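Each of the two complexes below includes chain A, the first together with chain B, the second together with chain C.
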Partner chain A sequence: MENLDLISILGSTIRLSIPLIFTALAGLFTERAGVFDIGLEGKMLFSAFAAAVAAFMTGSPWIGLLAGITVSVLISLIHGFAAITNRGNQIVSGVAINFLASGLTAVLGQAWFSQGGRTPPLAATARFTEIVFPYANELRDSGILGRFYANVISGHNILTYLAFLAVPASWWVLYRTRFGLRLRAVGENPGAVDTAGISVTFLRYRATICAGILCGCAGTYLSVAQSAGFVKDMSAGKGFIALAALIFAKWRPVPVMLACLLFGFLDAFANFMQGKSVPGIGEVPVQIFQALPYVLTCVLLAGFIGVARPPKAGGVPYVKER
Partner chain B sequence: MSTASVPLPNWITYGLMPFLNLVVAFLISGVVVWIIGESPLDAVTLLLQGALGNGEGIGFTLYYATNFIFTGLSVAVAYHAGLFNIGSEGQAYVGGLGAALAALALDHYVPWYVTMPFAVAGAAIFGAAWALIPAWLQAKRGSHIVITTIMFNFIGAALMVYLLVHVLIVPGKMAPETRVFLPGGQLPKLDWLIALFGGKLGAAPFNVSFLIALVMCVAVWLLIWRTKLGYEIRTLGASPTAAVYAGIPYVKTVIITMLISGGLAGMMALNPVLGASARLQVEFVGGAGFVGIAVSLMGRSHPVGIVLAAILFGVLYQGGDALSFDMPKITRDMIVVIQGLVVLFAGALEYMFRPAIVRIWQRLGKA
Partner chain C sequence: MSPSPTPAIELNGIDKKFGAVHANRNIHLTVAKGSIHGIIGENGAGKSTLMSILYGFYHADAGSIRINGKDTVIHDSQAAISAGIGMVHQHFMLVENFSVLENVILGVEGGALLGKGVTGARAALKRLEADYGLEVDPDAIIEELPVGLQQRVEILKALYRGAEILILDEPTGVLTPAEADHLFRILGVLRDQGKTILLITHKLREIMAITDTVSVMRRGEMVATRRTAETTVEELAELMVGRRVLLRVDKGPAAPKEVVLSVRNLTVKDGRGVTMVDNVSFDVRAGEVVGIAGVAGNGQSELLEAITGIRKPASGEILIHGQPVAGFDAARLRALGLGHIPEDRHHMGLVLNFEESENSVLGYHRDERYGRGPLLDLDACRDDAKAKIEKYDIRPPNCRLKTANFSGGNQQKIVVAREIERDPALLVVGQPTRGVDIGAIEFIHRRLIAMRDADKAVLLVSVELDEIRSLSDRILVMFAGHIVGEKTPDTGEQTLGLMMAGIAA
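Now for the complex of A and B:
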């Protein structure tokens, strides 16, 4: 292989993993509370659109982020209304949200901006741009550690660092707070939580709101940080890869981050390998890398890499005994 | 007493409630059209005219409906066993490979009616094969079928793109598709059927697959309500523990149900691949597998309901095309919005009005 540039692959691994990390953490909150969330993809897409529109209108990425989070939380509440209050099928509700996201963002985008479903390109000031750490440029040419510092540690936007902060924060909330304990309990045995006098409904709603906030960050990252504007269907299945990562990590926060980094790495590696040939094998088709996250997750589910045990009450609406 | 356990007459459960849900979905769609700045009434008129106004429109409507009947049946069969197959999309995609291979192998030598049974079998076998691993994982390993079928949708998409780009592509061509099938590998159009009602099919790709779909509706009805296997499937769906206790083999029933479901999804490929474009193309399924979920839900997993719901979605698809032509502000994506709203209200929120209806019903009963 000619010049396998590991440092630049790692840099783009970070960039490609961020939306996955936010979204998989979002799924962690809802699924741990016993609500299946197939609609992660749709929430990400909705918030990407809202963030791009708001950032374009106001010129501020922060207002974009706020809009992305607000819309994503609203959609989460719709999911909650269907799945928690009305005890509807959680998977059907998620499928509906994905349809709505894909359709509504394109229809409104075309109606408002007439650019084929895109939003107008954002100016640099309306985006989250790269933060260069001190001495990054000076160290860029000074050996492997310097390059690592300049390309992998430094040079990302604020949401990237926020994502890596969100991982320990999620861990702390889920495992070290009363809310987190109850949230995990409600995903395993809602009846017990109810008996303790805690509202199952309110807990599950709060879990979906947490998911909404995190999905909002993911969507905003796509349209306001990674690219300069919204493109039709720009989430492109990332919500489902995040879902796969969540399962691959067996519903635990730190492994979620590692799984997302692994899947991000696969994506980055596939981009790098495009058009290059491996000695002895020839060109490796890019589709292999695209399918690999899903294949790995299925192999895991088959029980060949430990056992993935989902939250016990996942997908089951809670009906109070009368 | 909770309103959830009050029984209601069938005409309310199967007639009034789905109708109300649909009305809400369409009202909100109307609001979206209004926000965009077009008249919802004009839009509905254009949509209906485009879908049902002439023979060609009806032909396209029924062409789309054929896809949705297959995928709707696929989702419904699994649903009767309590399995949620959201992998119809991927199973149809891979089923296309089976159909196309049959057509590519035979179209030089035999007429279409000889090719057809092989293509049907090929599509069904490939579709069923794509459902086998998720079925096995569900039955033996207890991994959730929803998750595995989602994963297999993506794996299937990657596989098919690889095959079309690297293996099946015509050498020297750029487009990732197979060669065009000769008439021996094509399903003929049903222009005579439209002509029977005094219409003209025109360019609409309405073809023999529609009849195959109707045959499958009857077959599924027979299977679910008139055979031992169907009884076992329904028992499993009603209560897996009771089914196992009654001696119904869980693993076998789950796997067979999913194979049937995958086979039905695979057969959907006949319509676009052999009926319309006469070649295998990338992403020919175009979301029909997901529409099947909506169709099955709205049709209450019954073949008659599925045909009606499939025609409704056919009207939306064809009418939506015509609408986006006449009202450029409303793009084709509006169909996806309506689809999402229908799935949301007729599916996830199907019992939203139930408490209110129960209260009204009880008050009427007392009076």
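Now for the complex of A and C:
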């Protein structure tokens, strides 16, 4: 294949995986606590919008992040109120959040900025920009390792590194802390948690707040780091791909990261193949490559990953008295 | 009378309703410290509800609780644990994919990080093991443990939390007689160390064997309290049911005829690929009841599922009237004359949100009696349902009522009526009286014997040894997926118990 530039594909793999990693980890927290979270997509979109608006108004990406997280946590609490307190259907609540996000961000964007649902472009200072590691530029042309260092390791924004830190951090929280033990327990058997004298409701709320924070990072990444502003429906189904990655990874943090990297890689590969021809076949419509992540999801979920045992109490509101 | 010491527990006027169900009515109960106090009652009498209120799992609508003479408000399980109460629930409250250790420390982790608490708990478990003979591997995963050991983990959980009052809700339902005896020995040791034990059961034998005092519940009320030494099984049975009961089934000798069901070298695996039924062969003839005894989880469920077309066998043959039927689906099997009363009526036998009349034709709804083409003839269904209600004395007699609103016994009768009224040549029955009151038990037992006397083949699976012994003409004992022996129904309970534990053949 002509010019198969693996290093640059890997570089964009990282960039495309970050929102997936944040979002899938968000889903990990709620779903392991037994609350299905199909509204990840909507939360990401809401927070992307809030972050872009706040960063534009204040000129600070950090305030953008804070706004993104705050809004996403608020939406999580709404989901919690519907699904935990009022024992509503968790899927319906999630779908509602997705619709709301898609509509409300576009309407508010248009009402406030009149740019077709976009937010005004952010100046470089209002964004999270690339961090260049020491000697990255010097090493850029010195062999494969140097290029790897310059393009794959270095040259990303702070949220990227945060996402990779969030993976071991999530693992540590889930498996090494009291909160994590209880969270995993409540997703399997809320009765066991309740009879151990722990509030199921409070625990599940805390899990959804964790998810809100992580989704907030994902959304902020989209609009304030990866792009320079909010664009209508910019989450583009990433919340659902993240859910697929979560299932694919059987609800475990490190496999979640690997699954997201795989999906990111396919996406990067599709971008790369745009307009290029495959030897022996000629030019292949780019849509085929763009469809790859979705095809892969279907194939994997259709059974190639073995039995994915979801948290046992997932999706079921905790009801003691019938 | 000598001045009695402060009781461990005093319940005063406890009242609890679940919607329309009055589960506990103005209950008064006093339990002496350092005693084993039994609470007996039929299924649905309200025993679990009362205990769950004491443990803070449910909230009473009215009434008060005194623990060791002190008024105690138990608004959640945390409060109960602080008051020194521990409970082993009827349905275990364990996280199945956690280790024993993780389950034990859940809720009492001893700090925000797990490290230290885990080490401490490991040592504490060692001590409890030494003190009470409660051995269990702290690193074993719960779902890989047999139920007897899972129960032990529940007891350890309570003791680790410092329980002085231990509630056990139907602890022997899942145990072999030998395991139950072992449990009772442990309870004896606990009592001798000054702990107070509340033992809930519906088995009279256990009450007589181990309790000091016994209270009887009936339909949400506490109807009597007796010293165990001063009462009899007959008196307790009568108190439980409110009338004299027949503890045995009347039946004549069987007259077996031709073979109806024949199982040959059948092997069945469960969803995880674990072999649950291993090379099993047996026959069931017309005019006999063949009972399969065994502790729950030894392959009986999978065997039933294979025979009734719910699970595909891994290998081996199933023949009905000599025709190979392994791998047939349930509908084809039914057409060949198989009736099935499933083990779990809620999951397999009924759709609880349906009207009674809908459940009463379910599975046979394609029959031309109940409709034409894609349409159901609702009047025909309802007339049919009414006839069954009449014949099986299903209460309340209202075929339009949602099935969930019938009691367990009446729900079971709906299933029994549906399957028996089709007049199947082979009736496969799983746990026919689980969660059913004594009145309905008698009725269902009589129906099954009537099937036998009408020259039908009946295969019965039950974990209630008494039921197996009183209904069966031949008993097969299952252990770890094998049939470990065949016995006659007059075989002693102890012999069967040892076989069920895999100790003797």
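In the analysis below, the second predicted complex is superposed on the first by the 298 of 322 C-alpha atoms of A that agree within 3 Å, B and C clash if a C-alpha of one lies under 4 Å from a C-alpha of the other, contacts with A are read in each partner's own complex, and residues count from 1 in each chain.
Note that a contact is a pair of C-beta atoms (placed from the backbone, for glycine too) under 8 Å apart; a residue touches a chain by one contact, two chains touch by 3 or more.
These numbers were taken from a predicted model, which means no experiment stands behind them.
Peer 1: Could you look at A:Pro310 and tell me whether it touches chain B, chain C, both or neither (first, second, both, neither)?
Peer 2: First partner only.
Peer 1: Touch check for A:Thr177: first (chain B), second (chain C), both, or neither?
Peer 2: Only chain C is touched by A:Thr177; chain B is not.
Peer 1: Applying the document's definition of touch, where does A:Ser102 land relative to chain B and chain C: first, second, both, or neither?
Peer 2: Once the two structures are laid over each other on A, A:Ser102 reaches chain B alone.
Peer 1: Quick one: classify A:Ala196 as touching chain B (first), chain C (second), both or neither.
Peer 2: The answer is second: A:Ala196 touches chain C but not chain B.
Peer 1: With both structures superposed, pick whichever of chain B and chain C touches the larger number of chain A residues.
Peer 2: Between chain B and chain C, B touches the greater number of residues in chain A.
Peer 1: Contacts for A:Glu188 in the overlay, against chain B (first) and chain C (second): which applies, first, second, both or neither?
Peer 2: A:Glu188 sits against chain C, while chain B stays out of touch.
Peer 1: Considering only the contact definition stated at the top, list the common interface residues of chain A for chain B and chain C.
Peer 2: Common to the two interfaces on chain A: residues 322.
Peer 1: Spell out the part of chain C that touches chain A in their complex, as residue ranges.
Peer 2: On the chain C side, the touching residues are 18-19, 55-58, 76-81, 87, 89, 91, 93-98, 102-103, 105-109, 111-115, 117, 157, 271-272.
Peer 1: Show me the residue ranges of chain A that touch chain C in the complex, using the header's touch definition.
Peer 2: The contact residues of chain A facing chain C are 176-182, 184-185, 188-189, 191-199, 307, 312, 320-322.
Peer 1: Can you list the chain A residues touching chain B in their complex?
Peer 2: The touching residues are 36, 38, 78, 81-83, 86-93, 95-104, 106-108, 110-111, 117, 237, 240, 243-244, 247, 285, 287-288, 290-291, 294-295, 297-298, 301-303, 308, 310, 315, 319, 322.
Peer 1: Name, in rising order, each residue of chain B that touches chain A in their complex.
Peer 2: Answer in residue numbers: 1-2, 4, 32, 35-37, 84, 86, 133, 137, 141, 143-144, 146-148, 150-152, 154-155, 158-159, 161-162, 165-166, 290, 293, 297, 329-331, 333-341, 343-344, 347-352.
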